Amino acid sequence: MSGVLASMIDGVLVGAVYGLAAMGLSLIWGVMDVINLTHGAMIALGMFCMYLLFAATHINAYVLLLPTIGFGLVIGIVVYWMAVHWVVGRSMLMSLLSTFAVNMMVIGIGTAIWSTSPYNVNFVLPGITLGAYTFTGNHIAAAISAVVIALALQFFLYRTRTGKAIRAVADNRDAAELMGISSTAVLSIAFAIGIALACTSGALVSTLFPFTILSGAVYQLKSFVVTILAGLGKPFGALVAGVLLGLLEGVITPFIAVSWIPLIEFGLFVVVLVAFPQGIFGKRATA
Amino acid sequence: MSNLLEVRGVSKRFGGLVAVSDVSFSIAEGEILGLIGPNGAGKTTLFNVVNGVYKADQGTITFAGKDITRCSPDQVVHLGLARTHQIVKPLNDLTVLDNVTVGACFGREYLDMAAARKVASEVLQQVGLGDRVDMVARSLTIAAKKRLEVARALAAKPKLLLLDEVLAGLNPTEVTTMIELVRKIRDSGIAVLMIEHLMQAIMSLSDRIVVLNLGCKLAEGRPDEVVHNPAVVECYLGFPDAVHKLTLAGKLSWRK
Amino acid sequence: MILRRPFFWIILLVAAGFIYAPLHSNNVSLREDLILIAIAIILASNLNLMIGYTGYVNFGHIVFYGLGGYVGLYLTTVRGWNLVLSALVAGVVVSFCAFLFGLAILRLRGAYFALATIGILQAVQAFVSNFDPWGRSTGMYLSFESYRPLGGARHALWITYYLIVAVMALSMIVSLTIKNSKFGLGLFAIREDEDAAVVLGVNATIYKAIIYSVSAFLPAVAGALMFFKNGMIDPSIAFEYMLSLEGIVMLMLGGQGSVIGAALGGALYEKLRSYLLTSPVLSNFHLVIAGALLLLVVLFAPGGLIGWLYRLMPRARKVLE
């Protein structure tokens, strides 16, 4: 097995987590046309949530994903009522700023509590060895978790009443209200799910790499790249696009110094924004 | 009289939907041409193609002797072709005066601020908004917003004015006032192409009418000709006897 | 003409005050306070051109400041150029870069544009961190030699201060001039409804490109001056994302779209920031407080301080802008 191939496979695994993170962003963006600038902070919160849960209980980290999801949902509802509810439907600038303000507050509080030192979740699964290369168990488990959660989300959106309501509101809020759907309830649930997805992806990342309160920002940018690539309102497309991004990283890292990666990603980001307004898979929101 | 606007064989497609198909017509200087047709006939799309918001897939558009098929909307205004929108687009946080000043600044004469302000005041007087010049556009009534839309287009000193359902949403008194305004505009030498659904208005104002249906031109001619055209009546007015009955009842009149 | 607007004279008065106050008492610490305020006003005023006038949210505005700092420091330290020339050239170079960036991203609307500006900021930072002639992630240091042509370090600091105050005054004057010009009216039209503006004859593509470049020029000059004064630069302090966002907070706080709003917001926020950063208890919460402030402004007073003032005293509009 060549080094590049191993790197690519690893990239695909991590990419699934990118995709999961992006799903949260894409869902919120697609449903309520709000660009959630708290996304990075929520990812970071998820990292710390897992850290605290694990430090307290030492239970299998992947089992701890469940309370993390619950935590994310609760935080999502709080943030929705604090900042988002009042700016849905107002100008894009307002929703960018209000979510950004919450981001600043969360990072500020987080820095005060945890400073900027690196943290770690010391839960390691045995890996799989193929020839000269070992794929860490955590990477594999993270990818599997991401896919499972993504499938659960698809099921929720397409097979449950609430999920259908969410898709209805995403399609046409006024019409949905006329059908008797309480759009506020739906928006708050959709937002909460989006945040929960962000937190969960953060929790998964915490099992893969060391992290600080500021680590969320990197994943936020990746989420934006993935979301734009995939187009909006197609969460599963986000998962696929995330895997593609991971694959791209896997292809590049053996050849280029790590310090160039951010430049490449951000360059890609701008290029994708300019060249693919529709995304590869889906519709574009009226930004 | 040479033709001010020549539209020849224009087609516009959106993916699989053909919105406008091989439409041709022309407008002479100082003429009022009415554009009618059922909803979805492609009238507003045609407007958008003429003024450069959409690019025609096929066909050419010539205005005052120049080929404007590939021109962008801002270029077209500088040549003297202005338009209003079906759903008004006021510049909400600017005052009424500022709104119209934009029209004068960036229109055909490309005036400087001071001259543009003067033109704007005059135009606002003409349309009857002279008492509201300092109001913020957002706070106007819908009828006033429609007049603002027209004023902005007039301030650009156009030779041809495209009016998109300028009467929609107005009450009968407001309709009468607006019809008078359109007449005044034409009398001042500006040609008008107007999309309207209000039959009485279109009949009484238009010199000629073009009928669109499903993207194609169905008929063209004087109002009385068009209205008696069976194909038009079928697609648009409903049942064949409508015209006859309405004329007898004195509900329809048109210029001879 | 600009000279007839009362606010123009207010700007000159304020600039004179900035120069006179610390000079008169030879108060270096006051000068240091004021220089930070001046920088804040410069950043906020130029950001206002994009956000307040044109309606395009630039989250990565600081990139111009940082790049200007790099170009300026490179020219003065490595090339030995004169400070004023270096600063001006930095301004021109960065404006030109802005023009190029603009070509790429100004076709994007709303949030897509905002995200693209973040992308540009991070990309430039990443590039500079890898760029050898500019010291990669270590950055560059100014040798004391460079202060000699200006009469030594102490004197140089004063001169740099005057220049920055001049740039501050210029920023506000540029804002004022544009606001009352036809160009400014075109920008406002773009802000209100870009499609309607184009239909009215505004060449939005060119106007946006111009204002984006213009909004880069003075911050770049200020960056060149400021980093010369500080004597060093590296990617993390040149392209601090936080500063970019604080610029937006300043603008929203003071009242976006108005010249004095940007200035007031800059000044007040800078004062708040200094206070928070030096307070033992609150320094950890600087970000939280800034965030809370932004949230409150967005939710309850989107017009900022000036918006509130204009509602209280509509006649203030005649003098202030």
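Each chain gets a letter, A, B and C, in the order it is written, and its residues are counted from 1.
To be clear about the criterion, a contact is a pair of C-beta atoms (placed from the backbone, for glycine too) under 8 Å apart; a residue touches a chain by one contact, two chains touch by 3 or more.
Here the structure is a predicted model, which is why all the values come from computation and not from measurement.
Chemist: Tell me, which chains sit next to both chain A and chain B?
Modeler: Both chain A and chain B are touched by C, going by the contact rule given at the top.
Chemist: Quick check for you: compute each chain's CA centroid and the global CA centroid, then name the chain with the smallest gap between them.
Modeler: Central chain is C.
Chemist: Going by the contact definition up top, give me the pair of chains with the most C-beta pairs touching.
Modeler: That would be the chain pair A-C.
Chemist: Nearest whole angstrom, what separates the Cα centre of chain A from the Cα centre of chain B?
Modeler: That gives a centre separation of 49 Å.
Chemist: Please report how many Å separate the Cα centroid of chain B from that of chain C, as a whole number.
Modeler: Centre-to-centre distance between chain B and chain C: 45 Å.
Chemist: From the mean C-alpha coordinate of chain A to that of chain C, what's the distance rounded to whole Å?
Modeler: 33
Chemist: Could you tell me which residues belong to chain B and also touch two or more other chains?
Modeler: In chain B, no residue touches two or more other chains.
Chemist: So in the complex, which bits of chain B are touching chain C?
Modeler: 51, 53, 72-74, 77-78, 83, 85, 89-94, 98, 101-103, 105-107, 110, 112-113, 116, 152, 156
Chemist: Under the definition above, what is the set of chain A residues touching chain C in their complex?
Modeler: By the definition above, chain A touches chain C via 35, 82-83, 86-87, 92-94, 96-98, 100-109, 111-112, 217, 221, 224, 228, 257, 259-260, 262-263, 266-267, 269-270, 273-274, 277, 287.
Chemist: For a test of understanding, state which residues of chain C touch chain B in their complex under the given definition.
Modeler: Going through chain C, the ones touching chain B are 180-182, 185-186, 188-189, 192-193, 195-204.
Chemist: Given the complex with chain A, which residues does chain C contribute to the contact?
Modeler: Touching chain A from chain C are residues 51, 55, 57, 104-105, 107-112, 114-116, 118-120, 122-123, 125-127, 129-130, 137, 241, 245, 248, 252, 284-295, 298-299, 302.
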